[in-house]
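Letters are used for the chains, namely A, B, C and D, taken in the order the chains are written, and counting of residues starts over at 1 for each.
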Amino acid sequence: MTALAAILTRDMRLSVRQGGGALIGVLFFLIVVTLMPFAIGPDLALLARIGPAILWLGALLASLLALDRLIASDYDDGALDLILTARAPLELALAAKALAHWLTTGLPLVIAAPLLGLLLNLDPTATGAVALTLAAGTPALTFIGLIGAALTVALRRGGLLIAVLVLPLTVPVLIFGVAASNAAIVGPVPFGVPFTILCGLTLMSAVIGPFAAAAALRHGME
Amino acid sequence: MRPIPRPTRLLATELACVRGGRRVFSGLSFAVGTGEALLVSGPNGAGKSSLLRLVAGLVRIAAGRIELEGGDGDANLGEQAHYLGHQDALKPSLTVAENLEFWTRYLDGGAATAPALDAVGLGAIAHLPAAYLSAGQRRRLSIARLISVERPLWLLDEPTSALDASAQAMLAGLMRSHLASGGMILAATHGPIGLEGVRELRLGGAG
Amino acid sequence: MTLGPYAAFILGAYGIAALIVTAMVAWVMIDHRRQARALADLEARGVTRRSEQRTGDPRTGEVTP
Amino acid sequence: MPLIDLANPTRFLAFTSRFLPWLAAATVLVLAVGISLVASAPDDYQQGATVKIMFIHVPAAWLAMGCWTLMSIAALGTLVWRHPLADVAARAAAPLGAAFTAMCLITGMLWGRPMWGTYWVWDGRLTSVLVLFLMYLGVLALWRTVDDPSRAARATAVLTLVGAVNLPIIKFSVDWWSTLHQPASVLRLGGPTIHPSLLTPLLIMALGFLLLFITLHLAAMRNEIMRRRVRTMLMLQAEAAGR
């Protein structure tokens, strides 16, 4: 167990330190959401209606694009070779890395969402709903993105390629995330239904992600 | 920590390795007993690194078998070996101590890093970020991992690169004590590494 | 001085402004103390900067031991 | 003591250590006077007492833009005149600029709420300050990711100058964008001519904010110089430990 704790704390320490990517995801999220009204126009009623969708799309892109260095940095400096020869199973090591990434990138998105809700003129219930669904949904985005990161580890085209590869896999999470938020605001459907499905998706991806990523790494070796 | 069973022999029979569609070597057989060191030599591209990575389990075996007789039954070969590659596996933003502590805890759950740092002469700058280290110092920090984590088989890929004379002597000393305590070494090198009574395995000589 | 119906917003604005100012002041002072301690610790270990290693520092003129 | 002599870091440290207490005292004094004037200032006929928020919102906006100008001059210092303290000045100013921009945005939202009924209306001026805030965060992010100071200095200097060139363009396009969609004209910041009884507290507060910025900036520059000294001494320590 100490091995997984060690890699979790190391990754979090790395992302917070100089040169780490901890806040890059949140900045990207902030900028993407701020850009939307420039395109859509400052009509507050319209912004309020599509607010949850804007926040979810921003969080989705921010989560995926911040993942390209997750495994590639260990591959580049030779740490991946040692991780492969350690007693700790690769699947759990990758899950620990994904968790560390979510804590430093995914969680700040959830915290920043209510602030951005102000820009989009969301009322408190809408902001609360979006924050709750993001809290449940962003781990799924990170674990699915983990598979993309493992597939592209040896390639030089990391970042965008990951998004292209795994975006289709994130469609269910996006659908139920936005549906749950809208259910809380407009809601013919009770909030619980799409939300529990979203949580189910997250749990499923928390299992499939690490195993698929480990398989991708093992088969990626020559 | 349960006592680590002492493997008696590393045995390779008819090993073959294919990388990127190219047959790097084939029909390779050798054995390394306890307290023995085997130097793998040969021109660049002869497959020295590939052989070490293959033994460590980082490269797929095309044909043949490799096993560690008498080793820890349920641990595969890679988990009983130290692989020291060209890269140092160090994070620049972590300090010298943090880097070694991480690998010590990750590879075997222990945490005694101070003696290892002193053995490689980095004890005085344990608090410095690894970014400030020279290539030689980074190499020595990477070597410190071999001391702080107890593993019977050492797979060293050109261990003396970037090391000056005093560091090479230090490494030779470490290797001698490892062999004396019943360890095994498989090293890929261009020249001698300061060890006496060492067998050599020539790769790709005729090729 | 009556702050009228929106007193909360006025006081809130000044409160947040004061908060940001104290945060900045605190950041500057804490950072100063941290760097000063690090410098003192390094000097205690006998690490001297290259420009001070010469017998006399030409720019400031004082002779460093 | 000729000002150019300040280019030498050691001399600059001595200068700041001696001058900072006086500057800090002057700042506190001017701010105290300013706040007392604000307290006694009359209400605005339209907005009532909420106009008092203007006394911190406007100076913060001026400082937000002034700080980016300062950083642009420092960027020229780094790229063109190779001034040793230019990058130190820019790096010390950026967090302060970001903090004052955030203060401007938050006070703007709190001022807007009683007027418009919502915290944020995409008013032209406020939106360009928001874009400026994003640019500050961009520069700070670039400093955090590049670890070698000299390389970071040149990269951030280029980004700051490019930003400075684009700021007027952004301001124009955002104003155009907001007036294009905006129904009636929104809150006039202080109206065409500010009533003299409101003008003097505003100028005093602006002076107080300026002094506050200068004090914090000098102190932050001092920290930055010390931080770089620590870094070089740590590298010397690494060298001393033998190749």
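Definition applied: contacts are C-beta pairs under 8 Å (C-beta built on N, C-alpha and C of every residue); 3 or more make two chains touch, one makes a residue touch a chain.
For clarity, every value in this text was computed on a predicted model and none was experimentally measured.
Asker: Could you see whether C-D or A-B has the larger number of C-beta contact pairs?
Answerer: Between the two chain pairs, C-D has more contacting C-beta pairs.
Asker: Using CA atom means as chain centres, which chain is nearest the centre of all the protein shown?
Answerer: Of all chains shown, the one whose C-alpha centre lies nearest the global C-alpha mean is A.
Asker: Based only on mean CA positions, could you tell me how far chain C sits from chain D in angstrom?
Answerer: 17
Asker: What is the distance in Å between the mean C-alpha positions of chain A and chain C?
Answerer: 37
Asker: Suppose each chain is reduced to the average of its Cα coordinates; what separation in Å results between chain B and chain D?
Answerer: 54
Asker: Can you list the residues of chain C that touch 2 or more other chains?
Answerer: None at all.
Asker: At which residue positions does chain D touch at least two other chains?
Answerer: In chain D, 147, 234, 237 touch at least two other chains.
Asker: Two or more other chains in contact with one residue: find those residues in chain B.
Answerer: Only 92-93 qualify.
Asker: Tell me, which pairs of chains are in touch?
Answerer: A-B, A-D, B-D, C-D
Asker: For a test of understanding, state which residues of chain D touch chain C in their complex under the given definition.
Answerer: Checking each residue of chain D against chain C gives 8, 10-11, 39-40, 43, 48-50, 52-53, 56-57, 60, 95-96, 99-100, 102-103, 106-107, 110-111, 113-114, 212, 216, 219-220, 222-223, 226-227, 229-230, 232-234, 236-237, 240.
Asker: How about chain B: which of its residues touch chain D in the complex?
Answerer: For chain B paired with chain D, touching residues are 92-93, 121-122, 124-125, 128-129, 131-134, 136-137, 164, 166.
Asker: Okay, in this complex, where on chain C does chain D touch?
Answerer: Those residues of chain C that touch chain D are 1-7, 9-10, 12-14, 16-17, 20-21, 23-25, 27-29, 31-32, 35-36, 38-39, 42, 45, 47-50, 59-60.
Asker: Which residues of chain A touch chain B in their complex?
Answerer: 2-3, 5-7, 10, 13-14, 17-20, 76-79, 81-88, 221-222
Asker: Given the complex with chain A, which residues does chain B contribute to the contact?
Answerer: 19-20, 53, 56-60, 75, 78-79, 81, 83, 85-94, 98, 102-103, 105-109
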